[in-house]
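Each chain gets a letter, A, B, C and D, in the order it is written, and its residues are counted from 1.
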Amino acid sequence: MNYQLILDEISQEIQPLLHEGKVADYIPALADVNKNQFAMSITLFDGTTHNIGSTNELFSIQSISKVFSFTKALKIYRISLYNRIGKEPSGNPFNSLVQLEYEHGIPRNPFINAGAINVTDSLISHYKDASMAYEEVLSFIKAISEESSIYSNEIVANSEMLNGYRNMALANLMKSFNNLDNETKEVVQTYFKQCAIEMNTKMLSRSMLYLANRGVDPITNIRYISEPQAKRINAVMLTCGHYDASGDFAYKVGLPGKSGVGGGIVALVPNLMGICVWSPGLNEQGNSLVGTKALELFTTKTGLSIF
Amino acid sequence: MNYQLILDEISQEIQPLLHEGKVADYIPALADVNKNQFAMSITLFDGTTHNIGSTNELFSIQSISKVFSFTKALKIYRISLYNRIGKEPSGNPFNSLVQLEYEHGIPRNPFINAGAINVTDSLISHYKDASMAYEEVLSFIKAISEESSIYSNEIVANSEMLNGYRNMALANLMKSFNNLDNETKEVVQTYFKQCAIEMNTKMLSRSMLYLANRGVDPITNIRYISEPQAKRINAVMLTCGHYDASGDFAYKVGLPGKSGVGGGIVALVPNLMGICVWSPGLNEQGNSLVGTKALELFTTKTGLSIF
Amino acid sequence: MNYQLILDEISQEIQPLLHEGKVADYIPALADVNKNQFAMSITLFDGTTHNIGSTNELFSIQSISKVFSFTKALKIYRISLYNRIGKEPSGNPFNSLVQLEYEHGIPRNPFINAGAINVTDSLISHYKDASMAYEEVLSFIKAISEESSIYSNEIVANSEMLNGYRNMALANLMKSFNNLDNETKEVVQTYFKQCAIEMNTKMLSRSMLYLANRGVDPITNIRYISEPQAKRINAVMLTCGHYDASGDFAYKVGLPGKSGVGGGIVALVPNLMGICVWSPGLNEQGNSLVGTKALELFTTKTGLSIF
Amino acid sequence: MNYQLILDEISQEIQPLLHEGKVADYIPALADVNKNQFAMSITLFDGTTHNIGSTNELFSIQSISKVFSFTKALKIYRISLYNRIGKEPSGNPFNSLVQLEYEHGIPRNPFINAGAINVTDSLISHYKDASMAYEEVLSFIKAISEESSIYSNEIVANSEMLNGYRNMALANLMKSFNNLDNETKEVVQTYFKQCAIEMNTKMLSRSMLYLANRGVDPITNIRYISEPQAKRINAVMLTCGHYDASGDFAYKVGLPGKSGVGGGIVALVPNLMGICVWSPGLNEQGNSLVGTKALELFTTKTGLSIF
C-alpha cells in the first residue's frame, strides 16, 4: 500500500478543519500553541517511516504518557496492579470525582487522571523515590523511541502544578480511601513531570511498535513486556483511551489509541505499524479534532481497522 | 489450526467451574435451567463448524438479540440513529436509570437495556406496527442463521413482562424526555418478545458470519449491511457488549462479543469465524462465567485476539 | 396584631412581582391559568379569617395534597410508614430518579413525587381499593376545611396522566425494588386524581388548623392525629416542603409549609393560625414566586417565624 | 417547669443506651475518649443553669464550631456569602464530593464540611491572615460563652491534618472551581484548628443564648448579629445541622441544633434557653446517639418543640 500517498491525501482533506477545535487553555504554556499545525507519522516493523507535516515539531505528550507509565507498572505488578486500578471504561469525564467516590477510591482504569496518578504512585513505591520513578519512565520512553534527547518541559510541569487543584483533589480522595501510598503533592508533581515530556510524531509512532508487535520491539528485538500484557494494554487503549469519547473513537477509527490534551494521538495497527498524529485543536471531549479525523480517514482509506 | 482439539481442551478445562456462577433467577423460566451445561460452536466462512457440548440445546438469547435489532435499526436509520442513542460505554450497570436521567433520556449505547428498548421503539416507528417490527427482527435472525424454525418463547416473554418494572421505568423515563415514539408498554413487550427468542450455539455462531465478514454473509454472499456498518457494530460490541464488564472482556478475550443473561455469548474473529458459547451460570456482572472463561482460553490457545 | 392591614400591605408590595414567574406549562389545564392573580388567607383558632385578593378562586392544589395523604397514612401506619418512606430532605429535584435508585427504591420523604406516590400506594393497600383510598383522602380534606363541595378536576387528572411518564418511571422503579404494592398505573392515576383537587385559599388556610393546633381542630375540637404526629408532619414540611428550595423557604419564611405547582402554598404558625397564599407564577424551583415573597413579608412584618 | 427534675429523669432514662454508639475513631485523640460519659446543660435568659452529668468535662467541639464561624462570616458578608455557599440540605453524607462536583464547587450549605471550609476561607480573606481569622472566631466563642480560658487542642488539630485527605480533596475541588481564595492547606489547617476547640456543656449551652434571643445576648445585652440573621442561622441549623439525619432530628427533637463528631450537640429553644448535651458514642449518621435521644426526651417532656 502506498502509505505516503495516503498521508498526502489525508493532509489535504483535513486542511478545512484546522481552524476548528480549541487549544487547551488551562495553562499558558499550552494555550500559546498555534493550532494550525498538523503532523502525522507511521513507522513500520522494518523501520520504514512515512511522514507528513510538522513531524519534527516537539509537543507536550500529556496523557499519552499514561500508556508508558501503565506499561511499566503492569510489568512490575502484573495482575496485582488491578487491586488498585480497574480496567473498565468510566462513562464519565476524565477528571470526575463522582465515580471515584462511589467506587471507594479505586479508579476505573489507568487512563483517566485518577488512574494515571495511581500508577505513578505505584511506581514511586516500587522505586522508593519519586525522581527515580520518573527517570525510569523517561528511560523507557527513550528506549522504545530510540531517541535519547527526550526531556520534560519544566515550565509546563510547574504551570500544571499551579493549576492542578482538580488532580490534587483526586489524589487526596484516593489517599482518604487508603489507595495512595505516597504524599499527594509528590505524586501529583511526578505525574505532571511525566505529562510534560515533549516528543514529536516521529518518535511517538516509533514508540508504539512494541505494542503493535506483542511486546517485542521489532527493530531491536528487545522484549519489553509479555505478549498477553501487550494485547491487554491495547485492549485498555481501545476501550478507555479517549476519555468519554472512547466508544466513538473505536467506532470511527477502530484502532487501539491514546490521546493527550497537547493534541497528540498515538495508535497502532497490530502486527503492522505504529502511528502518531498531532494537531493542537481539541474537540469537545478533549481529543485532537483533526487528529481523530485523520485517523478515521486513515482506516477508511487503508481498511486497517481491527474490526 | 485444529479447532476441534482446542474446543475439546476448553471443554475439559472449564469443567471445575461449572458449579460456580449463578443462574439468572428473576423469572422462573430462566431460574429452572440446569447450570451444569456447556456448549461451544464455531462456524468458519466455508460453513465448516466445530462443536462441543450441548450444541443442540436451545436457550433464551436475551441480550444477544440486541445485536440483531441494532443491525436492523442501523441499516434503516444510518447515523441519524445516534440522535437518539449514543455509542459510548456506560460505566454503569446495564439497567441503571442514573445516567439516563443525567443525560436527558439519551441512552449511552444500544446494548444497555434503555438503548435496546429505544432501538425497538425506532423499529416499531419504522414498520408502523409492533408485531411487524418483531417479525422483521425474527426474519433477519432466521436469514443470518439459515434456520427457519426459530421462535420466541411466549412463557418467558410474559414472565419478563410481569417482572419488568425496571425496564418499564427506563421506557417511561425516556418517554418523559420525548425520546420514545410509541407507547411504553407496547415497546417493552416487543423488546421482551425479542429477548425471549431461543437458539442454540450452532445457530448463533452461524449468525455472526455477516459481522465477521464486513457485512456480507460469506456462505450465501448476501450483503446485509455495509462494510463500515459491520465494523462499527463490532466496535460497539467490543466497547459495550458486556455491560459493566466490557473492559474486562476486551482485556481477557480481545474479541467483539455480546452476552445475554440466558448464559449465551456470541463473538467473532474478523475475517475468520463466528463463535458462540453457552453455559447458564452467571458471574457477578451478569455474563456467563464459564462462557467468558471458555472464550479467554480460546483466544489464548489460538492467538486469535484482535489485539 | 392588625392582620388585615398586614395583608393589605403585602398585597401592594407584591404587585410588581406578579408579571415575573412562569406558570406551570407541562399540561394545558395549568398552562392556561392567568398568572396575574394573587390571594392570601389566614384563619385563626377562633375561626376569624382575614383575606386579600381572589380568595374565592379555586385552583389545583397539586402537591399540597401530599400533606393530607401523608397525614392519613401516618395515622394508619404510624412509624411503620418509615419502612417504605424516609423523612430526610432530598437535595435533588422533586422528580429525580437518581437518589431513588441509589437508595434502593425508598423515597427520601413523603413530599417528593416518589414519596407521595408511595403514600398513595399505602392507602390503596389499606383501603383495599383505589377509589376508596381517594375518597378517604377527599373526605378528610372536606372535614378539615369544613367545606363539602370540594372535588377533583377530571380534565386536569387525565391530562396529568397523559404526560405523567416521569411519575410512571418513579412508580415502576419503586415497584422493581418491591416497594410498591399495587399496580403502577392505578397508583399513579389515584395520585393524579388527588393532585387535581381544587380549593381556594380560604379553604386551605382553614385546613391547616389541625396541624397548627397539635392534631386537634380548634374550631370543631375533633382530634385528627396525635400531638407528636402533628409536630412531626410540621417538621417534615419545614425540612422537605418546598423541594430543592426547602432550606431557602425555612431561611426566608421560617414556617412549616408546603407548595404546589398550581401556585398555592399552605403554611402555619404553631398555636396560632393557618395560612394559604396563591399566585400561579412559579420560580425556578417550581414554587409560587409571589407566594414565597408574600410569606416572607408576612413573617418579617409579624415576627411570627418559628425561629 | 422543673428543668432540673427533667434533666435527672433524662439522665436515668439514657443510661441503658450509654454502651451503644461508636466513638469517632478516625484520629487517636478522639478514639481514646471513654464513651460511657454523659452531660447536659441548659442556660436560661436570666443566667440560671441546670446541669446533669460531667458538665465540667471538656470535649472537642468539632462541627459545632461551624455555627460560630458561619455567624462571623454572615455578619461580615451578609447575603453576598451565598454567592459561594448555599443554604439547602444536601441529602448526602457530610463529606461527599459528588454533589460538590455536580454543583460546580458551590457547597450546599455552611454545615457540611465543604461549606465550613469555604466559610473559613472567607474569614481568612477578610482578615487577610489565617491566624487572625482563627483568633477572631475564638474571641467570638469566648465572648458568647463568657469564658476566657477556651483553647484549641493542638494534638487533635495536627492529628486531623495528618488524616484530613478527604477535606483536602474538598478544598482542592473548590479551588479548581475558583471557589476558594487562599491556599488549600492553610485553609484546611485553620479549619481543623477551629474544630479542635474544647469546651464543656456549660459553656456551650451558654453560647447559644444569642441565637435563642434574636441576635442579642440576653445576659450582657450585646447584639452580635441582627434579628433576621439570628433567625436564619437557626433555620439553617434546623434544616442542615445534622448531616444526613437533619430531617430525623427536626422530626424527633424539633429544635434548631448542631452536632459534632466529638459527641456534643448544641440546641436552643427560641426566646427561652440554650442547650448542650454531650455523650461521645455516635450513631450511624455520626451524631451523638445518647445526645440525640436526650434531646428527644427533653422536648417530649417539656413540650418545647418549635412545632
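Here is the rule we use: contacts are C-beta pairs under 8 Å (C-beta built on N, C-alpha and C of every residue); 3 or more make two chains touch, one makes a residue touch a chain.
For clarity, every value in this text was computed on a predicted model and none was experimentally measured.
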Shared interface partners, meaning chains that touch subunit A and subunit B: none
Fraction-based call for subunit D against subunit C, same above half, different below: same
Chain of greatest Cα-centre distance to subunit B: D
Centroid spacing, where centroids are CA-atom means, of subunit A and subunit C in whole angstrom: 55
Centre-to-centre distance between subunit D and subunit C (centres being mean Cα positions), rounded to whole Å: 32
Distance from the mean Cα position of subunit D to that of subunit A, given in whole angstrom: 47
Contacts with 2+ other chains: residues of subunit D: none
Interchain contacts, given as pairs of chains that touch: A-B, A-D, B-C, C-D
Subunit D - residues contacting subunit A, complex: 96-98, 101-102, 165-166, 168-170, 172-173, 175-176, 184
Residue ranges of subunit D touching subunit C (in the complex, touch as defined): 86-92, 99, 108-109, 228, 230-232, 234-236, 238-240, 244-248, 250-252, 254, 256, 270, 300, 305-307
